[in-house]
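Alright, structures below, take your time with them.
The two complexes that follow have subunit A in common; it is paired with subunit B in the first and with subunit C in the second.
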Partner chain A sequence: MTLTDTRARRSPHRAKIDLFPYALMAPGLLLVLFATLYPVIFVVQYSLFSTNVYEMVRFVGAANYVFLFQDERFLENLWNTAVFVIVGVALCWTFGLTLALALRRQSWGTAVLRAIVLVPWVTNQVVLALMWKLLLGGEFSPLNDLLRSVGLPPVNPFISLEQALPTLTVINAWRATGFAMLMLLAGLAAIPKEVDEAAEVDGATKLQQIRYVIIPMLRPISMVCIVTLMISFFNVAVLPLVLTGGGPLHATELLSIRLYREGFENFDIALAATLTVFLIAIELLLAALYFRLVKAGAQS
Partner chain B sequence: MTTSRHDATARSAAAARAAFMFCVGAAMLLPFALALTTSLQAPGAPNAGTFLPWPLSLDNYVAVLRGGFGRFMLNSAIVAFCSIAVVLFVSIHAGYVVARYEFRGKNLLLFAILCGMALGELSAVVPLYFFGSRLGLLDTYVILVLANSAFIAPLAIWFLQGYFRSIPVQLDEAALIDGTGRLGALYRVVLPAAKPGLVTVSLLAFIGAWNEVLLALVLTSSEGMRTAPVALHFFMTDYGVQWGPLTAAAVLTTLPVLILFLLLQRHFVRGLTAGATTGL
Partner chain C sequence: MSSFIETRRAVLAGSAALASSFLLPGAGRAQAQGKPFDGQPIVHWSFLSPEGKSVREQAIKLHEEAFRKETGINVAFEIYPFAELARRLVTAVQANTQPDVTRVGWESIPMVSKAGALSPLDAYIEKAFDAEQRKDFLIDYSPALLTNGQKTTMQLETISHALFVRKDWLERAGMKPPRTWSDVVEFGKKVSGDGRWGYGFFGGKQQLVHAVYLQPHIHGRGGRILGDDGKATFTDDAAVRAYKFLSDCVHVHKITPPDVVNMSWEDQTDAFRTGKLAMFIDGSHRYRDHARAVGADNILLVEIPSDDPAKPSPTPLTGWSMGIPKGAKTPDAAWQYIQFYLRPEVQAANARIAGALPSRRSAAGDPYFKTPEAAYLQWWLDYTAANSEPMINVPTASRLTEAMVDALHEVILKPNSDIAAVLRRAAAGYDRVAQQQ
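Let's turn to the complex of A and B:
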């Protein structure tokens, strides 16, 4: 009885691959590939053709890429995106760290405030955009009421060539501050009490302590936070689309906005696909960095 | 003498702290407060934001709901709840085998899934439109649910595999000896023990799907299929905006997520930081 059992188990069953784990993994894998691998293949292919809406007309090699690099508007898009992402992430990290340090202690008040800081992060971008438009844009905005009452001329940052991009960048950083704060709070919680106390005994001031002890110890989680935010900011499309629509002129036209416009306003699918290839290349680069950071963090 | 001076510094430090906290709260909530107060103004008030609506009125809400905004909220809810179901289904199974089984190619498959975290809706929006139009799925819930779930699934799988690891493997083994079979061990023993993790994943899926705008904007076309945030977008035309009704609709759109977030905050925080705090 036992003998046949073991033999049955050993030959041919033992040699067969156990399909159970693959079967369980399959739905998730297929679903994710549908939203990643399929789009990647699609955009790479379309970026090599000239197109008439969604119909591939002629193989053109790298012509779409060459066109983009000679397109001044594209270089403007890249510059705007760089400002939006790099300055935005820097601001976001700074706000996040300040709040994490201030709200580190556990109390009733800090718990409420931590929740409040996260509210914009869980609110959808159309709502955020229209709220800021209501607050800052338009002739009769509360901002302009305030300016008029002190005798200053009214402003509308969203239609100003100089102010639109900085305003947009700050609003987006404001939106994500809660996320940065959360990550850094998790990092702070992992710093042993003795380290803080040792610095205090050494007579370091609060600022020195932050500069020379806390920030270096937060380095791993800061890096993960920064890379995650960069990936996320590259993908931000709806907030600027509603707030400025890329304008005035192309002053706030990010890669994301240009992509949306080429794809769904001009129906230039070849160009939209080429822009997407750029976007994906940047994102994969950041993701590779992310994996290395997380792995390094797990080892240390 | 020294004690009183000490008291004074402590008091001013506490005051500075309170002032700082107040400023932070105000900076975060000011736009929300303005939207709320503007939505409460009576019709016929000047068409602009106001912090002091008087007389207070709910007329904007009545008008918005009479105008069919409930339908858009319902669409959002349908998409969000179906996305929760799909995300739970795929992340439970994939997360479980990642946590419990060793098999050839596991790391590669996991890596392929996690790459999904790097790509956002933006990089898929053009291809998915084409996909939807070829299969006749444009303007249906199906494509919205599939697309939304696909972008939430990687984080959900990653989070749940970590959660399953924290459950003692002896539970599975005991179930297997009882003869539940491998799936039975997952469904009858592991899942009940993983309830808090499932709440986290459901919450992430709900918030992600409810707030998604770009895909919903592109993949639907008829008015009856619009989700709430997309409907808000169409409220804002180039010819101007009726701020009263628009802010009322915005408040309605924000409320479900806000309530769930406040009720289940701890779960949400745990899910958000999952990507950063667990190693590969």
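Let's turn to the complex of A and C:
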């Protein structure tokens, strides 16, 4: 007889709600709640005050939010972040799927290639940023030395108001491709061989197989992959900070960089807190979507 | 190899001189007073480590050994990137995890002080230095280093700026050292091409320290970046001419690569050290490393030019300070540590080993400053004495710099823009946000 059985016999009305497991979980749960809720309350409170660094000076209500939404730079940050996240995730998923399909078969060669594709994902973002800055950084880059030697003009997308954000987006998508590839490889492994074979027997071309069989069957894992990447891309700060510092002008300034600048360079804690609340709201929405998709995937 | 030998010689000479300085009568004051903090551990936050290899770090190693021997205080270093020190300090004071003593960068002093993260040092200073001795400090008592009239930090070293010029290229071009911006353009045009550029500056927003060259460009033309009321004034004719000059360097004279828009300070110094750049403005603290890279004989230091050959631009002064964080557990031991680094003999040793300009005038009385090896330091001290000003230092310095850099980006990326209008917009944007903060 187990402890639970004994307790259930003593109070038959509570048989369905056994508090004992909850009591065991309570300390950990409280700790997690404290560690997550306290900072949220902290930033919400700061966002409603004017501040002198960490000192709350005066209650200003929604004034910080009004300032933010009237700030053209914030709207630019929002647009940049939307492009960076949405286009970046789309590219990442496409690159990831292409590579997953190419490296689907198990062999020594594909194992090596998979590891190579994963390298950018596991490499420190500072290192990646410095590498790309060196490669594409204009006059002093080895790539441009090469271009000049064959009579071509040098390139530097990071000093172009039009090219800087797309370049940054592609570099970040390249960085995360290994992660997308891994998730999609896991999804591909779950597709029974018979499905592929049946499509072949029905006369489907490779492209048709991908379009009508593989992609629909990868839908649950693709959705999880996309939402995970979206959350991850929202929080990317180091790569653009080192690569462009948010410039030229504010062309590559994402919300995460603005948050860093306001919080840790300007020490405008009120504005940084307001930005944080805004980011938390977006990320909570994405997290809710994520759990819904995971649940749907599990049910299907 | 020769530079290695020179460095080694400097370190050895410095060690001997430093050791002997502590044996001189009066130098071992603390020894005579006993060791009130013997065995006391203190934590020091810095971006330089006594275990490091740079000349500045080698100097620190020697100083630390001497300090420990003299006081018995055990200093534990915690190393952070220099751009992170201030941020960490402010948050550490909030979380009560502050060190006993910390380095504070020039640009961070007003903000860190405004955040209440540093303890006032006035009581310690009054006990340690009389009014006459306080005059010995080069810029410590300038308004830029006082917070509400109080001292919260003491300068360990002075950083002065100058135009670094490739002397060998200048001689090959058969030209005299540039004294005006027109001279810079003329020499720049002669050396630009084949992957080489005449004049460099940095516009990347990775580190917001652009005032080191923007200030002399604007102030040297008779303008001001900030007014007495704290409002942005980089909208006058001098500022317009400065921005026009910088833009023209890229588009008209073609002596500066357009890549400066995303170049960091480090990128610029790398370009100089790798023989791709002829001229740029840099600080005295980096001279030794530049000399090691391109050869001391190939570097010429020139006063920062202006439009008037008879009157160079004022050199902006900065430097690293030390302070005691608010709530530090052992402030008295920390002050003893700071005081040690303020001794003229320690600063002179620092100049010998690391090439650092002292923060006290009396340190320059050391015989080392009369040697040919220290000629460049003496040159810098003369320039500083004749024509210098503290670099702009306000709590909203990062906002101010960013506004000025954004304006620079706009002027360079849109060469036909109305520079005066761009500057007015940038200044108004800074004033609006700075007032609100």
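As a working rule, the second predicted complex is superposed on the first by the 264 of 300 C-alpha atoms of A that agree within 3 Å, B and C clash if a C-alpha of one lies under 4 Å from a C-alpha of the other, contacts with A are read in each partner's own complex, and residues count from 1 in each chain.
Definition applied: a contact is a pair of C-beta atoms (placed from the backbone, for glycine too) under 8 Å apart; a residue touches a chain by one contact, two chains touch by 3 or more.
Only a predicted model underlies this, so the values are computations on that prediction, with no experimental measurement involved.
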Fit or clash - subunit C, subunit B, common subunit A: clash
Partner chain in contact with A:Phe264 - subunit B first, subunit C second, else both or neither: both
Subunit B versus subunit C as contact partner of A:Tyr290, first or second or both or neither: first
Which of subunit B and subunit C A:Tyr54 touches, first, second, both or neither: both
Subunit B versus subunit C as contact partner of A:Val242, first or second or both or neither: both
Which of subunit B and subunit C A:Trp132 touches, first, second, both or neither: first
Contacts of A:Tyr65 with subunit B and subunit C, given as first, second, both or neither: neither
Subunit B versus subunit C as contact partner of A:Gly109, first or second or both or neither: first
Subunit C versus subunit B, contacts on subunit A by residue: B
From 93-101, 219-227 or 255-263, the subunit B stretch with C-alpha clashes against subunit C: 219-227
Shared subunit A contacts, counted only where both subunit B and subunit C touch the same residue: 54, 133, 138-140, 242, 264
Residue ranges of subunit A touching subunit B (in the complex, touch as defined): 17-18, 20-22, 24-25, 27-29, 31-40, 42-43, 46, 54, 99, 102, 109, 113, 115-120, 122-128, 130-135, 138-142, 174, 177, 179, 182-183, 186, 221, 224-225, 228, 231-232, 234-235, 237-238, 242, 256, 259-260, 263-264, 269, 272-273, 276, 279-280, 283-284, 286-287, 290-291, 294-295, 297-299
List of subunit C residues in touch with subunit A within their complex: 87, 90, 94, 111, 114-116, 195, 197, 203-208, 257-259, 261-264, 267, 270-271, 274, 276, 396, 398-399, 402, 405-406, 409-410, 413, 436-437
Contact set on subunit B toward subunit A in their complex: 17, 20-21, 24-25, 27-32, 34-35, 38, 46-51, 86, 89-91, 93-94, 96-98, 101, 103-104, 106, 109, 112-131, 133, 146-147, 149-151, 153-154, 157, 182, 207, 210-214, 217-218, 229-230, 232-233, 236, 241, 243, 246-247, 250, 253-254, 257-258, 261-262, 265, 268-269, 272-273, 275-280
Residue ranges of subunit A touching subunit C (in the complex, touch as defined): 50, 52-55, 67, 133, 137-140, 145, 148, 156, 158-161, 241-242, 244-250, 261, 264-268
